[in-house]
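Since the structure comes first, as structure tokens, the remarks are kept for the end.
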Amino acid sequence: SLLSNQKVIHSKDQIILIETNLDDTTGQELSDVMAILLTNGAKDAWVEPITMKKGRPAHKLCLLADPTNSETLTKIIFEHTSSIGVRQQLLDRKIMQRDLKLLKTKFGNLHVKYLSYAGITKVSLEHDDLVSLAQKNKLPIKNLETKIMNLIQSD
Amino acid sequence: SLLSNQKVIHSKDQIILIETNLDDTTGQELSDVMAILLTNGAKDAWVEPITMKKGRPAHKLCLLADPTNSETLTKIIFEHTSSIGVRQQLLDRKIMQRDLKLLKTKFGNLHVKYLSYAGITKVSLEHDDLVSLAQKNKLPIKNLETKIMNLIQSD
Amino acid sequence: SLLSNQKVIHSKDQIILIETNLDDTTGQELSDVMAILLTNGAKDAWVEPITMKKGRPAHKLCLLADPTNSETLTKIIFEHTSSIGVRQQLLDRKIMQRDLKLLKTKFGNLHVKYLSYAGITKVSLEHDDLVSLAQKNKLPIKNLETKIMNLIQSD
Amino acid sequence: SLLSNQKVIHSKDQIILIETNLDDTTGQELSDVMAILLTNGAKDAWVEPITMKKGRPAHKLCLLADPTNSETLTKIIFEHTSSIGVRQQLLDRKIMQRDLKLLKTKFGNLHVKYLSYAGITKVSLEHDDLVSLAQKNKLPIKNLETKIMNLIQSD
Amino acid sequence: SLLSNQKVIHSKDQIILIETNLDDTTGQELSDVMAILLTNGAKDAWVEPITMKKGRPAHKLCLLADPTNSETLTKIIFEHTSSIGVRQQLLDRKIMQRDLKLLKTKFGNLHVKYLSYAGITKVSLEHDDLVSLAQKNKLPIKNLETKIMNLIQSD
Amino acid sequence: SLLSNQKVIHSKDQIILIETNLDDTTGQELSDVMAILLTNGAKDAWVEPITMKKGRPAHKLCLLADPTNSETLTKIIFEHTSSIGVRQQLLDRKIMQRDLKLLKTKFGNLHVKYLSYAGITKVSLEHDDLVSLAQKNKLPIKNLETKIMNLIQSD
């Protein structure tokens, strides 16, 4: 679903972090709302286990988003959880430059991210592609990952 | 203990988040200090499990407060935990408007928060009231909650 | 509320561990049910954060009890949570012998457990007593704890 | 996907718990292996956060299964994670009797579990059905849940 | 520190699991006691975050050991933590057969475990060896790991 | 390794918090990178367990540092973990004034921090010193801690 050869070249931007503590929302609902947030533009969403007042084992719901998306995502939280208030802050982000390529191998094609930042370079294989190639080739994922990483490092 | 018909009408404000990592404070002490912080004006207080340096399974103590309360609450942390430094930041908060009412039902009276934000509305039953009405009426809490929520939705 | 000079002299017994995973129960409900379990004879009750199937951030509810209490406590779990099945096992327990005394000090009286097991001895101050004596004497809890522990060690 | 009117009538059985600690397996891999375990007959699978030796923030992978499935699931763990040993134990399980029905409502059909154990009865709506009916009827999930639970309680 | 060519050939044994809940022990102390337990024969030791009664964010200390070591390790727990009772159980363990070799590569020597169980085979590089070879060769650990894994897979 | 009689007299400063979510980094690697970050100037580093998208039980890596160190530490994260982006923010910090002394006792010498903030004073024994004095004197750590704290409080 990603275009081959997409580039992200800026290495700094700003992102908004939105958080809310939930002691009246279930695990099922947390899983549902994370999916809805991601579908509606959140760049990341996650849950942290916390112990709240009155001895309540509860959760903190967190998300990162483009600042322009803040209001939309806040409304989703209010609609789909028991939250009655969220807190938010604008953060600086440093990101590795990303060059996304479609790599053709004898095992099949997979997306590879070539990452770089101030002279540091690394490579990240798209995990879902790796999983399906491993199934297709009847190889353990780890084995296939080693073989493909070795191909890339030998270039 | 809350007045009937109290309203919170602003939907934005600022709140201070204070945090400290603790590897030399026990669970008993964390529970004590959370209670003291809440008694002294913290709007929320919670603990997150973390793994600190030297392999220490430890805790992060967090609280939200009105900025004017920051100094008082910092001193409580220094007095009641092993913390030797706290970090703090001012956050924007978005909150649902709250209209608190005392609802009279055949099961007894309970406090209900009518919440709204940009066209989204929801209702929250005061949990402690629900627990005591459930005991009084010898009904499972969930059953009673359904019955009362249904009354409210049918209005 | 404890008698002075109570002794627990056996150092081995058996205890039942009951556990259930919950992805449809809130933090409020978990806190309520822990309290009910303890009131009804559970020797300990606690909650562990877990990640369940379908990406659900959920909880495992656990309790320890005398085997004769197993059925009563299982029913409480079924009544007060969304659990539809619990697992249980009989465990061996090794316990320190406990000699509970009421210690009279210039700060006031507090309960102290003298513990021993195979030549190892230690002393545990009743935490709630310590908290109230600290308040009464306007001393930090830690300071008072040191003073009282030192009295005991100097005996 | 569930048949209408399926019944589980026994209220006790035995189940095997398999566990392994993992400090060399990533979150991606843990999510993958949980899915594979469930596809291959595990009755439940979950992950607990732990702090292991050498200060490693790691995970415990756990599953419940029919004892006849133990060997198959152990092999999946060895194949798909870095585990080099698993521990297992046979547990007693108490389960509520389940009567699964397809409930026809004006909002659409959904699966409902009627649960009972020693005189305790409760009802559980199939969460995924509820989510899709809520979408179809453009109602918040919580609202729909209340309406349907009320229908059932009024029977 | 490991001999070359050590073999573990049995694939089943029994192991004892010892656990205790701690709400009056600090993270520093937990880290200390884990190290002492491992030095005194525990095969594994770890800590799980839990929420205990009275709203205490606390920890469960766990260890695996040879059953003959149970009493020694129990005493260490009683001596070095606030625990006044531990629970224990004998578990079945399934383990992969291990053949430990010292692998000579152009990057230096490192220990490698060749693991097998019922037809499944895998290879595990000793992590600490990998870390020191990476430093010596000024290579990122991941890169070196790929290169060495590829050497092994190509044999 | 610390000088006797070092003082920290300012009670406010600013510190940078850097965070990244990791679902493709192992516990071994997290432990390694925390050590490297601390060696390279991080003032604190820790890991929090989180549940990320696609049901991944993962970790958040966090560190505090002097703002001038931000770029160096970001590069270490990019080099030693799977992170492809970090977020950072400048926080206000309130810190207790610290007066570090080498205390001579009949048990041996140990470092002691005398801490103060707005009239609140407390004392912190260097944990590693305490551990080695306890070993040297064959005393339980807690006992020795009580004895030394009592010496200090009696001054």
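Per-chain numbering from 1; labels A, B, C, D, E and F assigned in written order.
What we mean here is this: contacts are C-beta pairs under 8 Å (C-beta built on N, C-alpha and C of every residue); 3 or more make two chains touch, one makes a residue touch a chain.
Because the structure is predicted, anything quoted here is derived from the model rather than measured.
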Enumerate, in label order, the chains that touch chain A and chain F alike.
B, C, D, E
For the two copies chain D and chain A, is the contact made of the same residues on each side, with over half of the numbers shared, or of different residues?
same
In angstrom, rounded to a whole number, how far apart do the mean CA points of chain C and chain E lie?
29
In whole angstrom, what separates the CA-based centres of chain B and chain C?
25
Residue numbers in chain E touching 2 or more other chains?
24, 28, 31, 34, 47-49, 51-58, 79, 82, 89, 122, 127, 140
Viewed as a graph of touching chains, is the assembly arranged as a line, ring, star, complete set, or other?
complete
Partner chain E, residues of chain C touching it in the complex:
15, 17, 31, 34-35, 38, 44-49, 64, 89, 91-96, 98, 113, 115, 117-118, 120, 122, 124, 127
With touch defined as at the start, can you tell me which chain E residues reach chain A in the complex?
49, 51, 53-57, 122, 140, 142-143, 146-147, 149-150, 153
For the chain B and chain E complex, residues of the former touching the latter
22-28, 30-31, 34, 47, 49, 52, 54-59, 82
So in the complex, which bits of chain D are touching chain A?
28-29, 32, 49, 79-80, 127, 131, 140-141
Contacts from chain C onto chain D in the complex sit at residues 21, 24, 48-53, 55, 58, 60, 71, 74-75, 78-79, 82, 84-89
